[in-house]
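Please go over the structures that come below.
Below, chain A partners chain B and then partners chain C, in two separate complexes.
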Partner chain A sequence: MPVEAIASSAIGTSTMEITISKFELLRELAATQGVVERKTTIPILSNYLFEAGGDRLSLTATDLDLSLRTSCNAKVKREGACTIPARKLHDYVKLLPDADITIKLLENHWVSIRCGRSNTKMVGMARSNFPSLPVFPTANVVKIPAQVLRGMIARTSFAIANEESRYTLNGALMVLKPESITMVATDGHRLAHVERSNEKFEGVSGELKTLVPKKAMDELRSLVDSTDVETIEFAKDDSTLFFRIGQRLLTSRQLTGQFPNFEAVLPKDNTRIISLHGEDLGAAIARVAQFADERSRAVRLKLEKGELKLSASSTETGESEDSIEVDYNGEPLTVGFNAQYIIDFLKAAGAGDVRLELKDSQSAGQLRPAESEDYKYRYIVMPMRI
Partner chain B sequence: MSTLPRTVFHVDMDAFFVSVEELFDPSLKGKAVVVGGQRHERGVVSAASYEARQFGVHSAMPLRTAAKLCPQAIFVDGHPDRYRACSEKAHKVLTSFSPQVEMVSIDEAYLDMTGTERLHGPPLLAAHKLHNRMKAETDLNCSIGIGASRLIAKVCSGKAKPNGVLYVIAGREARFLAPLDVREIPGVGKVTEQKLHSLGIRKVGDLAKFDDADLEHQFGKWGVALAGKARGEDAGAWFEGEIGADEAAKSISHEHTYDQDTANVAQLESTLMRLCEMVGRRLRENQLHARTFQLKLRYKDFTTITRAHSLDAPTQLDNEIFQQIHRLFHLNWRKGSEVRLLGVQASSFGESFAQLDFLEDHARGKWEHALSAVDRLRDKFGETSITLATGMKGGFRERTHENPAALPGKSKPSPS
Partner chain C sequence: MSFSDFHGNSEIVHTVREMLTRHRFPHGVILAGPAGSGKYTLAAMIARAMNCLNPPAGDGFADFCGKCSNCIRIGQLEDLESRCAEAMEARESLKESEKKETRLFIQTHPDVLVIPPDPPQMMIKVDQVRRVIESIYFRPAEGRERVFIFTDSAFMKEAANSLLKILEEPPDYATIFLLTENAGELLPTIRSRTMTLQLRNLALEEIESYLARHRPEWKPQQRALVARLSEGAVGRARNFDLEGYSAARADALTILKTALSGSDHTELFKITETYRAGAEGREKIELLLRCLYSLLQDLLFIESNSAPLVRNTDVMSELQKLSQSADFAWLSSAAERLGDVERGLRRNLLRSLSLDAFEAALEKHPAGMRG
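And then the complex of A and B:
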């Protein structure tokens, strides 16, 4: 499939000459570096595809799972396309003075880069080697507020599994309904669930479920962070997800498979509930975790009348205990958790009080912000057998 | 290590497997017996009687070679259960003599007898008592070596065989060792031996005359250990530890050599399943959870690969072990290539700080229950009474070896 918009067959591939401001080029190069494959066995994937047409230059990078296409203003003297080694180009352009850069395709796919008194020729590859990319669908495009999507990603992406064996957990489930958006991620040990209602998603009827790969989530987050675009356009076809953020288009291969039935694991009768300052809990856990078994990171939480005791020990480093005053009158309970899992949540939840809701030492515990915010956020974490 | 002279016993059961077989079939006594399988089978000799050894048969030799060397030998299948039971009896006897007992394999152990004179008398008397007690309790003969180091004790027990006791008193080690071939030092294998020979070192006495520094120059750290060994000291690696100090197993493994090389995927998978079951069973028996699982794969041409994977959380469940091994196998097996041997090893034993998992724990709990029932059935009706379906066609006799090659001094056929 041909790339969209300007790369039509009318553009000759044997010539290209453009002039572009260093500032604009560098901005787009920086934004796309994350998608360039670092250690690939397919050399073309280390290259950008540059396509010049009209008064714009479009840049594309892909690692076959993910592709990112962006564009910027350019004075196009001769339309055309070329490929340029991405990392080297980025490193070189960074060092150029703030002036206009002229990029010109030479013979044998070499590319000349001129800026002021600097003159470089880079070894490119044939444009025809660059993989063809999917085209943004024309129908069923959903508009999602950029900051909402960003907030959802920040609250879930850390819980995504990084395991080959459970392939469908390598992404988050995004559920769009006409008036709400939900995102769920789990690695089997913990599950992050965040929901926003009172939204309006035109073009969504019923339920639109999508598995978004972790790599795409991370890239989306940094793309949103680097622009002031307010709305993201989301669409998908049979195999690909599309996110348009202003002039940048991120595509991602879809994860296929069934996301686990997460509703079954949401705890219902966790009746031992305490409320504490997130900062206090985080600091205490970070302290005792220094002495936790390095691999398991197990910390012990002992809930007693008026007090939550945290402790950890390992044969190599010693043992450590901390305690936090809490309002609790129920039966005592000891439960083990991976310290990192708790810390991950506290970081994502931000400042403020959190509620810790437990049942027993074998059942999932639940953490959530004590005050309801715009995001309805809950985090379920399975204990460790200690 | 303590600086006081120690009294170390090395107790080695004489022709252990054969002797155990003789308990069950006295007609084998005094005959050339080969334990490990039938004469036409593939696989190797687990043990041979002294009579068979006279014909050059030794453990780890292919059964068919043994049949050629000693056609009149009686070939007997191994019975690991019997050996384990007898080994446990022997272990009991040993622990009644010293609290510091280290079983280094199924049929030999080191005892630290330092400071037991008031209880058991001087070393030779204690050894005599131990020897008699062993015979009375297990009906088996053993040989005992006594010295101030494990190394001396070990060499002594070899020299005392069969059914003897040998004591080298402290201070006389070098004189005792000097006339021995360097190969008789535990830890010296073919390679070191050749290298020593090329330096003109044939006897331990020659070795002792060499400068420590020269040996270090030639062999590195190992050279320093060699110099110590020539003086009868426990030097180098495992020999430096205290007896019984670290008894915990480091790994558990099972392997199987096919009678006929095979590239049949179903058969290979079935064997792997069976091996995983055996490893899982041993893990549960010892209440261990392992994190690292290793696949060993030997092709027809004897090229051997090992590939391992470490899990985030340790396990002792057959199905979880198999999942890893199965994956490693398919990632690494050259499709269609005939396989001679498969092995499964579990290591990195850890506390089961098991992270519970809400997606798999339900299934996991079921497996735990099922496997514990399976274990009870096996305790009652034998190891092969029940097996997972995948492993059914992979059934084979378990083979045990008296002399695991990995242990010091075990890299060569026993001379006695």
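And then the complex of A and C:
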């Protein structure tokens, strides 16, 4: 039975009694802790919503922007719903022995938790205080392979803007077409673009563009990492995004605003191309960056015949230079980049060779993995004046 | 429950409903008016009208049903004091390290967020505004409009500045309310980006008729008195603590009487002694000061032959007696010295001593000079 169905069958009852294995309960509590708000003065948000129906327990956590609903097997003696303080419950269940736990709703929102010879009571809140949760749409559900989504998020989420003023950049753009999926993230200084074709997305006609908020990306990533489910179901309505990962359902409010027209900034004639070992480049940049200006993190890249020189200097710390042998015969070129942006890309791209494609010292540089893997991955960094 | 339950200021309510009906409600609104005039109540009503699921047809203007799930949940905001107390309690139960980083918010509906001043400074802080900025670009979840209500205009400087950004260009579905007793306290740059709706004081009769409906258990004289004492603010009238006020006023009368007669100080010291230091004594002395001001004002009315304007009508005879020895010069210096007492309290001067000094400075016939 899907999680929503449990929920609806449990509404309107003021009793609840279930028995559940500690292992299963703890697994779901741990998976949802990330969504529970820690620093909040809105009492209901630090509570779980428990709903028991059929032979399942569904538990929900929300911070109002994001909510996560999951379920696990339970022996349901009496169907019903209650709310329980989330952190205390998690901390307490962790310490219980591996045995069955009985959870029972008492009067005045008190909840009793029994396990072996341990007996605890906690006070929750009225179920009606819990925000109502969006319902998974029945139409236009798109199935996305979990591994694909994981790969796309890992290659883009680090580039999402943290600045509150540029709110349309506070998420990644996901573009679904019948045969491809693309994800783009940028903070205005760098842009990560990853595409995967030769997929098959049923139910998508034309182009389905979605702005996925950063918080949802992070949560989605950790959900995908902790599952062995093969496909994720994605859907959206006017206000909400839905990602169903097996028995877990992540919902996120949608952001407003238009993602900028990123296609315009993708470089087209970066003809000075060199190939480098990712590890070599990463190590050299990390060393040199120690001596870069702490605020700008600017590193100078000097491309000459047969050699790429990296250097940085600051008045406080000194100066540093590293050089990497490259196969290059063109005109010399000097360009500055933020070291951190390049390190971020190298981390996301993983081991292997990378191609650095430049035009001149005033134009954006492009980085991409040299062997074209399953993902068509490109990363654009704006140059710095140095 | 509907807009018709809002008492007084019917022109403003009508303007609001007209704007709502035409979908022309501004995104940034300053609701100004004296304490207790219903700024918060009105904001919470507008939030409901914006999100009501079954708006009643009624008179053709926007309204709310008060019964749908959106109305009910937004309606839970109304008791601001209890909601603030809950939020404070929730913060108290956090870990010490997290407590410092946690700011007060009140939310009973996912699309309506109330931002009260954050204790202990009782100011709106920059972290609170930041949270609003982070959240405002998320589309409404269950309602049609997202509403943000700042219940006080005491902004920290940075907070006010960062508010400008969202006031300048709020998303289509968002409305920001700034409640204030005095719109002039807000930055001119905030005022220029918002529309100001000014709630006015109500006439005595309006308050009395309101009390007749909502406080039928009170005696008519009591209602008449409260109507006068609440200075035209419905909220203050409804929750008027006559007993507490009478006690504080008795103290205030004694202080004035002692000052004017310059006689025995035993009574005075017995009273001022009870105004102790610490947070719990603050409310008590604030009430006393308000009573002192109100009595001085009444004395001034009597002095200038405007006795019908007197508010503390129940102690008229005593006021008459006092006014025989209180001339204009004395009254004006008393008001000035009362201001000194207030300033001193802000600097944490001892309350009992400040009151003693206030009395001594106003004595017409200082005890020492009589002998």
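Here is the rule we use: the second predicted complex is superposed on the first by the 378 of 386 C-alpha atoms of A that agree within 3 Å, B and C clash if a C-alpha of one lies under 4 Å from a C-alpha of the other, contacts with A are read in each partner's own complex, and residues count from 1 in each chain.
FYI, contacts are C-beta pairs under 8 Å (C-beta built on N, C-alpha and C of every residue); 3 or more make two chains touch, one makes a residue touch a chain.
Computed from a predicted model, the values in this text were never measured in an experiment.
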Combined model on chain A where chain B meets chain C, clash or fit: clash
Which of chain B and chain C A:188 touches, first, second, both or neither: first
Contacts of A:382 with chain B and chain C, given as first, second, both or neither: first
Partner chain(s) touched by A:97 [first = chain B, second = chain C, both, neither]: neither
Contacts of A:131 with chain B and chain C, given as first, second, both or neither: second
Chain B versus chain C as contact partner of A:330, first or second or both or neither: neither
Those residues of chain A which chain B touches in one complex and chain C touches in the other: 165
Chain C partner contacts - residues on chain A that touch it in the complex: 38-43, 46, 64-65, 129, 131-132, 134, 164-165, 167, 170, 213, 238-240, 253-257
For the chain A and chain B complex, residues of the former touching the latter: 165-166, 186, 188-189, 191, 260, 265, 293, 295-296, 298, 336, 338, 362, 364, 380, 382-386
Contacting residues of chain C [partner chain A, same complex]: 69, 86-91, 94, 98, 101-110, 130, 133-135, 137-142, 165, 171-173
Chain A-facing residues of chain B, complex: 312-313, 323, 327, 350-361
